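Handing you a structure now.
By written order: A, B, C and D. Residues from 1 in each chain.
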Amino acid sequence: MGFAFTNLLELEDLARAKVPRPSFDYIAGGAEDEVSLRRNREAFTKWALRPRVLVDVSRRDTSTSVLGQRVSMPILVAPTAFHGLVHPEGEVATARGAAAAGTVMVVSAIATKAVAGPRWFQLYVWRDREVTAQLVKRAARAGYGAICLTVDTPLLGRREKDERNAFTLPPGLSIANVRPAGLDGVPASERGSAFAKYVAELLDPAVTWKDIAWLRSLTSLPIVLKGIMTAEDATLAVEHDVDGIIVSNHGGRQLDSTVGTLDALPDIVAAVQGRVEVFMDGGVRRGTDVLKALALGAKAVLIGRSALWGLALGGADGVRRVLEHLRGELELAMALTGRAALAQVDRSLVQRV
Amino acid sequence: MGFAFTNLLELEDLARAKVPRPSFDYIAGGAEDEVSLRRNREAFTKWALRPRVLVDVSRRDTSTSVLGQRVSMPILVAPTAFHGLVHPEGEVATARGAAAAGTVMVVSAIATKAVAGPRWFQLYVWRDREVTAQLVKRAARAGYGAICLTVDTPLLGRREKDERNAFTLPPGLSIANVRPAGLDGVPASERGSAFAKYVAELLDPAVTWKDIAWLRSLTSLPIVLKGIMTAEDATLAVEHDVDGIIVSNHGGRQLDSTVGTLDALPDIVAAVQGRVEVFMDGGVRRGTDVLKALALGAKAVLIGRSALWGLALGGADGVRRVLEHLRGELELAMALTGRAALAQVDRSLVQRV
Amino acid sequence: MGFAFTNLLELEDLARAKVPRPSFDYIAGGAEDEVSLRRNREAFTKWALRPRVLVDVSRRDTSTSVLGQRVSMPILVAPTAFHGLVHPEGEVATARGAAAAGTVMVVSAIATKAVAGPRWFQLYVWRDREVTAQLVKRAARAGYGAICLTVDTPLLGRREKDERNAFTLPPGLSIANVRPAGLDGVPASERGSAFAKYVAELLDPAVTWKDIAWLRSLTSLPIVLKGIMTAEDATLAVEHDVDGIIVSNHGGRQLDSTVGTLDALPDIVAAVQGRVEVFMDGGVRRGTDVLKALALGAKAVLIGRSALWGLALGGADGVRRVLEHLRGELELAMALTGRAALAQVDRSLVQRV
Amino acid sequence: MGFAFTNLLELEDLARAKVPRPSFDYIAGGAEDEVSLRRNREAFTKWALRPRVLVDVSRRDTSTSVLGQRVSMPILVAPTAFHGLVHPEGEVATARGAAAAGTVMVVSAIATKAVAGPRWFQLYVWRDREVTAQLVKRAARAGYGAICLTVDTPLLGRREKDERNAFTLPPGLSIANVRPAGLDGVPASERGSAFAKYVAELLDPAVTWKDIAWLRSLTSLPIVLKGIMTAEDATLAVEHDVDGIIVSNHGGRQLDSTVGTLDALPDIVAAVQGRVEVFMDGGVRRGTDVLKALALGAKAVLIGRSALWGLALGGADGVRRVLEHLRGELELAMALTGRAALAQVDRSLVQRV
C-alpha cells in the first residue's frame, strides 16, 4: 500500500520528510509573503455548503467531460514543472497515475520527461518563437488533447525560498521538450533563483492577445488560457475564440496579493456566460472544495502540489491514490448534499459566510 | 457529589481523562476538518444578547412544552449512539437522568440498551425496510412520544479520527434494537471506521421525501425530521406534514463546511412560519446559548456531547446534573435579560455582532 | 512616587502581584466566558479616530460638568464594591484620590467604609425597602450629589472564579452602609460565591420601572440609572424622568454575551436625543478611549478596575495618579485630533473600522 | 555587498541586532498601543491586486515625476529624525544613497547633519518663528526642491518605549539646523522622553491654517503638508494653495488609533480631485504595496524606517540597495499585473477584500 494518509492535507508534511529541501521549497512555496498562496485555501472557508436531504443518493456519479473528453471525476492534474525533482520516473509516472484514475494530466512545457496518456499540453512562449511553434506542432502530433497557454508568467514571481536556495535543477534533470533547441539546461546560479533567470532570459514577456491568433494558426487543438483572474480578461478570452479558461494565480507563485482563486471565479463565470468552459486551480484539498468550485460554475478543478506529493511518496500509484481519494471525498460530499450527479450541482449549493 | 464542574465547557476535558481514547474520539470528533463542528460553537458568538432591565424577575419559569409534552426546560437530550461506550448502564442511565431533570431524551435507534422514561425514538432507515418498520411499531408500543427521523446520513461522514482508530464497538456492546434481526453487530475493521462500513452496508441511502408517507403509514406518533439545514427542505418538511424539525448538522459529524446551526435557524424559522415546531442542536453549552436559540425561533434545543460527558463522569446523576446546571444558567440569563418566562423571549432579545 | 506605570493597561499585572488572589479574581473577573468583559475593550478597536490638523491647541481644556457639577475631566470613578479588599483605607482613600484629581467618585452602596468628597451614591435595592429608603435619605443628608441606581443586577452574574474561590469578604470587612440594619455581613460559603448568595437572598429581584417613582418620592437628588444597554430602556428611562443614564454591562460581570458598551452607546444616544445626560463605563483604559466615547455622545466615562488597581498600588495617591494619567492622555489625544476643548468633540471625530 | 536580504521586512530584525536598543526603539516604535503602526501594514492586506494578462511588459518603466521633478521610481525617502543614531555619516549618507537610486530624500528639520542631493525640506515650526523663517529661507538658498510642513505634531505622541528609555540624543548628536539659534541640544531626562519635552517646550502647538500664508510669504518653493488624514483637511489644504499633501499618520508615532494610511487615501484623493499631488507613507514594505497606493491615487509613496535600516546596515549603499530592491519589486509587480508604465496604473488594479 505504500504511504498512509487520511486526507490530502497530510501529504505536504509526509513529503517534506522525503523530498530534498530545495526541491520541496520550490514546490511548496509561493511568491513573496505567500498571501496569494494562503488565500487560495482561505477562500474555501468563506463559502459554506447548503446540504439538501431526502434525495436518493444510492448511486453517485462523479464523471463529467472536459473539452469533450470524458473523465471519471471533475479533477485534473495541473501542469507543474520538473516532476523529476521528486521521483526518478518524473512526469511519466504522474501521467500513468492520472490515466489509472481516469482523468487528464496537463503536462508542463518544462517537464523533465516526455509522457503518454490522456493529456493536455501546457505551453510557455519562448522568445524563440520557432522553438515554441515546434512544441505546439509536436504536441498535436503526439496526441495531446488541448494546448493550455499559461498567461500569468511574463516574468517569474519572486519565490523567496528559491532565491535563498539559489534554486536550480539538480544534475541529470533538464527541460526535455526544448532539448532539440539546446534550451533544456538551467545553469546554476551563484545568488538567487537560477530558474527565475532562465525565465527572464529565454521566455517571452511580450506575449499579447494578438498571439492567440498566431497560436491558433499553429494548431487545431482546443486552446485554454491558464492564469485568468479578472472578468475583463475572461471576456477578452472569449472574444479571442479560446476554448477554455483556467482561473488560476499559478498556485500563489506569481503575483502575490491577489484574491484566492475561488473568490475570483464567480465574476469570471458571470462574464463568460457559458460560452467557454471555465476551470480553476489553487488550494483544492478536499472533496467539499471541489464541490464548491463546481457550485460556483467551474467545469472541473486541477490539483498541483497534491499530485506531486503523491508522486513523491508513491510514484504512479501515489498519484492515482491521491486522485481517487479526492474523488471519494467528492462523492461523499455529493451524497451528503443530496446530489447524485454533477449536473445537480448549482449555485444554490453554496452560501457566503 | 461526584465530579465537580463550573460549566459545561469543562466537561470535555474531564471526560477525556476517563473515557478510552477511541470512544472519546468517536464522541468528541467531527467530520474532516471539523469546520462544521467549530462553527456550531462560533455561531453563538455572532449573536449578542440585548438585556432589558427593571422587569420583575423574582419568579422565573423555564418550563415549556415540546410536541405537546410538558418539560421543565427547553433542553432535550439529543440522540447519540452507543452510550455503552462511556458507562456500563448506557442509555438506561441517560434516560433516568433526563427524567430526573424533567425533560425528554431522544433515544438513538442504535442505542446499546433499551430504555424507559419520557422519550422520543430516533430512527435510521435500514435497507431492510421490514426491520425498520418493526422498530417504528415497537417504539409506539413502548410508549415513545415521537419518531425522530435522521435525514442527514445517507452515508456516514468521514470522521477521520475514527478512520485512524479503525473505530468499532468494543466487545460486549451491540445495537440492541436490531438484535432480533441479527443486525446488531459491528464487525471489527482492519482499516478505517468499522461503523462507517456498517452504515454504508446496512442503512439505506435511498430514503426520499416519498418515504415520509410510508413512515406516516406505520405510526400515528408525531414525526420529527432531524438534520434540516435549509429553508427549502424546511418548507418541504411542512408540506409533507411532519410535526417538527430539528435544525442540525449532526454535531458537525456528517457534512463538513456547513454553517453553524444557529446561523441556519433564522431562515428556517422564517420559512416554517410557525406551522411546525422547530428545534435545534449543535454546540449548545451555555444558558445564554439556549436563550439565543429560543430568541431566534427554536422551541427547544438538544444537547448531545454534554449529556454523554455527564453520563461518563457520573452516570444517571451526572446526566441530571448537567441538565440542571444548564437549566440554572438559562434561568439566570432570563433574569438578567428581563424575561421571567419563555413566552417573553423574542427576536428583540438578540442582535447580530 | 510609589509604583511606576506607563499606561493603565499595565496596572492589572502590577496589582495581581500585590492583591490576594480571591480578591484580585473578584475584581478582575467577569461573568461566565468573559465575552462581555472582552468586548468592552474590543469595542474601542472598532472605532478609529479622525485627526484634524492646523488647529491651535496650545491651550487644552479637559474640564466639563456632570449633572451640573464641574469636574476637571470627563472621567469619574465608577461604583465598585469592597475597596477594603485591596487597601486598608478602602473607599476613604479612593474618595480622597478622586477629589485630589478634581472629579467625582460614585460610591457603592456596598462600600466597606463611609466616605467624604464630591460623590454620588450608587444604590442597590434591598428586599427590605425601609433599609433601602434610609440609605437614600442618608445619602442626601450626607451631601451626595446624585443617586445612581444599578438596574442590571436582579441576581448576581455567575463569576466563575468567585464560584471556584467560594468568594466572600475576608474577616474585618463588611458592608458599612447596612450595618445599622444588621445586613452588613457576608457569611462564608462552603461552595460557590458567598456574595452571590447574599445578593440572591437580600437584594430585591422585583424592582421595576414603577419603583423609579418610589425612589423619586424619597429624594430630590438627581437620579441616574446604571446598566442600560438598549435604546428601548433608554427611552423608558427618559419617560420616567431620570436625570442620567450610564450605559454599562457592569464591567462584563452580569450578563455575559452582550455587545461592548461603546457599541451600545450610539443607539442609546440617538434615542435619548439630549434629554438626559448619558455616561458610559466598561473597558476605558486610554485617553483615546475617552475621546471615542465622548465623540459618540457620552457626557463622561467612568473607570472601575483601573481606579481599584491605583488604590491597591498606591492608596489615595495611586487613585489620583491613575486619574491624572488618563486625563493627560485625553489631553494629548485632544491636541493630536485638533480639539482644544471638549465642546469641539463631535461624531465626525470617529469612524467605524 | 555587505548585508544580505531578500525583502524589506527582514531589515528590522537585522537592524535590531546592530542598533543600540534605545535608538532602535525610537525608530521602530509607535505611539501608545501601536494600533496606528500595525494598521498601516494591515491596510495593505485589505486591498488585493487584480492582475491583467497578455500585455507586452518587455519594457517596464517605473520612473515618474514628483512636484515636477523626475525620479527613477515613485518612492521617496520620508523625513525621519536623527539619522546619526544609526550611522556616523547620518543624513549625509542617506542623501547619497537616495541620489544614487535616482530619487528624492525629504530631509528632516531635525536632522543631525546638513546634506546635499535632490531633496525636500521637512519643516517643524519652532515657537521662535524667526528661527523657523530662517530655516525656510536657508532651505531655498541651499537648493531644496520643496518645503514639507509636518502638521500632525503640535505635541509629540506618547511613544511609550521612549518614555521608559528616557530617550534622548546620545553625546555628540544634535539638531544641526537650529545650532545657530542655540536650540540644537536635547537635554537628558530623568524620567520620560527627553525629546517629547523638547517638542513640548520649543515647537509651536498653535500653528494653524493661517500660517500657511505666512509660510508662503517666506518662500516660492512648493509647499507640501505632511500628516493629512481626512478629506476635510485635504480640501482645506487645496483651498490654502499648497502644492501637495502627504497622507500620513507619522508612521503610527503620533495619534494612536487612526486608520491605516492606505485606508485614508481614497477619500482624500476623491476630495482633492487631482488639484494637487497626493503622496502617502506608512507601512510600505513591498512593491505590491507601492502599486496599491498608486492604484488608489497616490503620486508616490515615502519609506521611512526601511531607509533607516538600510542606512544602519550599509550606510549610503545600504539606503541605495533598499530603494533599488523596492523599485525592483515594483517593476515585477507591474509586469505581473500587465502594466508597463505607471500611467497604466489605475483604480481597476485593486479591489477591496
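Keep this in mind: contacts are C-beta pairs under 8 Å (C-beta built on N, C-alpha and C of every residue); 3 or more make two chains touch, one makes a residue touch a chain.
It should be emphasised that the depicted structure is a prediction, and the values quoted were computed from it without experimental measurement.
*Asks:* Listed by label, which chains are in contact with chain A and with chain C?
*Replies:* Chains in contact with chain A as well as chain C: B, D.
*Asks:* So what angle, to the nearest 5 degrees, turns chain A so that its CA atoms land on those of chain B?
*Replies:* 90
*Asks:* Would the interface of chain C with chain D count as same or different, where same needs over half of all numbers used to appear in both copies?
*Replies:* Different, since most residue numbers here occur in only one copy.
*Asks:* Calculate how many whole Å lie between the centre of chain B and the centre of chain C, each centre taken as the average of the chain's C-alpha atoms.
*Replies:* Chain centres of chain B and chain C, defined by C-alpha means, are spaced 42 Å apart.
*Asks:* Quick one: report the Å distance separating chain B from chain D, using the average Cα coordinate of each chain.
*Replies:* Each chain's C-alpha centroid was found; their separation is 60 Å.
*Asks:* Find every residue in chain C that makes contact with two or more other chains and list them.
*Replies:* Touching at least two other chains: none.
*Asks:* Based on which chains are in contact, what kind of graph results: line, ring, star, complete or other?
*Replies:* Shape = ring; chains linked end to end, path closes on itself.
*Asks:* So which chains actually touch one another? I want all the pairs, not just one.
*Replies:* According to the stated criterion, the contacting chain pairs are A-B, A-D, B-C, C-D.
*Asks:* If you look only at chain D, which of its residues touch chain C in the complex?
*Replies:* So the residues of chain D in touch with chain C come to 32-33, 35, 39, 151-152, 154-155, 157-158, 160, 163-164, 204-209, 211-212, 225, 227-230, 232-233, 236, 249, 254-259, 263.
*Asks:* Going by the contact rule set out above, which residues of chain B touch chain C in the complex?
*Replies:* Against chain C, the touching part of chain B is residues 6-7, 9, 44-45, 48-58, 286, 288, 292, 329, 332-333, 335-337, 348, 351, 353.
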